[in-house]
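You will see two complexes here that share subunit A, one where it goes with subunit B and one where it goes with subunit C.
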Partner chain A sequence: MMVKKKLARFLSFRYVLLALILLILAGGLVMLPKVEKQEGIHAEQLLNKAISTERYVSTDELSDKIISQDPSFILVDVRDPQSFNEYSLPNAVNIPLRNLLDEEYEAYINQTQYDVIFYSNDNFYADQAWVLGNRLGYQNLRVLKGGINEWYNSIINPTVPNEQLAAEDFELYSTRKAASMFFGVMYPEQNRVEEPVIEKPAARKVVPVKKKKKRPVEGGC
Partner chain B sequence: MGPIIPNGLIPIEWDSIIAIFIGICFGFVLESSGFSSSRKLAGVFYGYDFAVLKVFFTAAVVSVIGIYYMDYLGYLDIRQLYVHPTFLWGAIIGGVIMGVGFVAGGFCPGTSLCAVAIGKLDAWVYVLGIMVGVLLFSEFFTFIEPIYDGYFLGNITLMDSFDWNPYWVIFIFSIIAVVAFALADVVRKRVKKVFY
Partner chain C sequence: MKELEKVKRISISSTLFILAVLVGVLAYERPENMYARNTKSTLEDLTRLNYIIPMDKLDSPDVVLVDIRRPYDFEQGHLENAINIPAAEILREENKKIFRKLKDSNKLAVLYGNKIEEANIPFLLLYQLGYDNVKLLSVNNKYLHNSLITESADVEKPVANIRAFIDESVRNATKKEEVKKPAVIPKKVIPVKKKKKLPVEGGC
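After this line comes the complex of A and B, so read on.
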């Protein structure tokens, strides 16, 4: 009986107790030490993206995309404007690395419609741009493997394979050569003018026309 | 880690099935706690029954406290949660219509369906009214569209728009809840009891 009475007295305060628990928990949220939350991507996700093969685009893939007029990507040159003006890839946007996070360029790199392909002279600065973008959670960022230098060495000026190499190398070479022609490189054999075959006018044949002998007038009606 | 479905811990294909399950549980709880009675719901406005106020206020406070603790401990990323977009005037006008309907009919849309399930006639009329409202809304949509699509403020929260500290907001909100419960009890004791 005593226990029941105590319990009943205790339970008569149950709403007060529940309200107190609520307030203590809510107050606890205010009291909690503030923790700086990591903004953007998680470390494991960043690592996964960094080691993924999706990260790089080879120069051959890129030239194929440009030639086939693939509309799904944006080229971003992260070098300084001077180098950009000297030489860059067709239809590229120049966003120097130190201006990468400027507001005016955000629309180019923070979107989900297009792949963004970064490049610099090598892939060094482009990789930095890639990491910066990914830390902010931007999507579909890629890097041109080897950058402009690799572009020059493989597409614009492809090395001629020597005879011992496999047939694929020759095929690759001819593809690259064709690509380089697309980007405006001229080859000597392209320039060679074939000697025109001049047809000599055939000697005139003399066809003797036999004159019909005049017949002597024979009688008549 | 969480939320569970956007992070792929549960495949997205399950979400309708989970929604149906939660919906059935919700309906069961509504019915078993007497919310399918329009008198109980209308009691909030007449001051003889504050169950609705208490239930929904408690639910909000408990879940917000739980979510922020889980966020703090890293079980849930609060930035990934869905925030319903705000269409300012659409929300105000819709809220007024909903409120008037709530007082006049004694149901909110969810409880009206519960009451239909147990065969209450007023609930049938109420749901019929909802259907007529839906029809009128669709027929006059071209006139309503500027309000429906306009005044768009984005997926904003109080913390974003006023730059408040969420923890203090929750604390003050809980105090308001407890005070409201106490006040509701005082009012309920003064008002004449209604049996239903």
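After this line comes the complex of A and C, so read on.
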């Protein structure tokens, strides 16, 4: 009986102790969230991703994708609506940088089905959109390297390579030129070429026929 | 006795629970770099504040230039009085200390790289971590003939009006075609060749 009593007293005391400790800990848990909740991935992780150039898509790659009707990506123009309306890439969505995190656009950039290619005039604002989106853990975000300006310099108005350059440069130029025609640019020779093509064979046809007639004449002489 | 065992079990489990909580609290680790701004407020600041400093406003003594290029580039040539903190290393403890010190002494840390787009990333990251004394210098640098050439950069300035360029190309293409048509037609006349061949025939 004595043992039982002692044990019981001790145990009831322990309960109070346990309850106290639990209360203190619970209080501590209430204090913890006071440290501001961290949004998104760790800064070091974000830096590592941002330093790498993996996110960049070149203008040549992009024009290839558009021409071959690759369905795996969506284009997001982060410039203001005015610039967007003036000129933008085919089928692009306009999400001005300031509205990037608005709820109505979240469905475009926070999904895993498509690659999202951001672009602006250069890749300055597009990179900013990329950094913020990546911090929030959005997947498959890419950036058009050089933006619209590079698009103009390489695809819309490609520089004609000078004659000393390698054959690849000429190949690249003709690919880009063909691409630029796809995107609406017209070249003077584009129209001119067609007619001479018809004329020249006609001229050739006439001449050989005459020569044949003349040869027998010569031989006869 | 049964009751005693129940009590025993409860006390053991509650001790375990407390232990688990203690371990959790001790192991609770704050991330090494704490963001001071969330993405929404960062974005708002980006569109509202001016964080780009032109070259000619650098004279203030409260400005410290930070070169974010690799040490190799830095040693080849850099802007006067700049310190080198490569972009990949901005989160190192000693480098963060530098930025913290600058912030505490109310100085501006102005970042630059080979292109302003390059300095953009470290700037944005530092800004989100709370270093709002960090700005961007609007210059592009390139290394040419053993010297660093620094040009002011126009951020996001369009190089051309593409819509106008395309319209112009279409207009040119259709116009020139009409002009050249008459010029092409005379080429059809080849009788010149006939004349040359006739004398040959005659010679024979």
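One rule holds for everything that comes next: the second predicted complex is superposed on the first by the 157 of 221 C-alpha atoms of A that agree within 3 Å, B and C clash if a C-alpha of one lies under 4 Å from a C-alpha of the other, contacts with A are read in each partner's own complex, and residues count from 1 in each chain.
Note that a residue touches a chain if its C-beta (ideal position, glycine included) is under 8 Å from a C-beta of that chain, and two chains touch if they have at least 3 such contacts.
Everything numeric in this text was worked out from a predicted model, so none of it was measured.
When the shared chain is aligned, subunit B comes close enough to touch A:Val30, but subunit C does not.
In the superposed model, A:Asn94 makes contact with neither subunit B nor subunit C.
Within the superposed three-chain arrangement, the count of touched residues of subunit A is higher for C, of the candidates subunit B and subunit C. Once the two complexes are overlaid on the shared chain, A:Gln139 sits clear of subunit B and of subunit C alike.
Looking at the shared chain after the overlay, A:Arg14 reaches subunit C, while subunit B stays out of its contact range.
Look at A:Leu22: by the touch rule set out above, it reaches both subunit B and subunit C.
In the superposition on chain A, contact of A:Asn110 is made with neither subunit B nor subunit C. When the two structures are aligned on the shared chain, A:Thr175 is found in touch with neither subunit B nor subunit C. Residues 15, 22, 25, 28, 32, 35 of subunit A touch subunit B in one complex and subunit C in the other.
Of all residues in subunit A, those touching subunit C in their complex are 4, 7, 11, 14-15, 18, 21-22, 25, 28, 32, 35-36, 38-40, 42-44, 46-47, 50-51, 83, 86-87, 97-98, 100-101, 120-125, 127-128, 131-132, 135-136, 147-149, 151-153, 156-157, 183-188, 190-192, 195-196, 199, 202-203, 206-207, 210-211, 214, 217-218, 221. Residues of subunit C that touch subunit A in their complex: 4, 7, 11, 14-15, 17-18, 21-22, 25, 28, 30-36, 38-40, 42-44, 46-47, 87-88, 90-91, 116-117, 120-122, 124-125, 128-129, 155-163, 165-166, 169-170, 172-174, 176-177, 180-181, 184, 187-188, 190, 193-194, 197, 201, 204. In the complex of the two chains, the subunit B residues touching subunit A come out as 61-62, 65, 68-69, 72, 167-168, 170-171, 173-175, 177-178, 181. Of all the residues in subunit A, the ones that touch subunit B in their complex are 15, 19, 22-23, 25-30, 32, 35.
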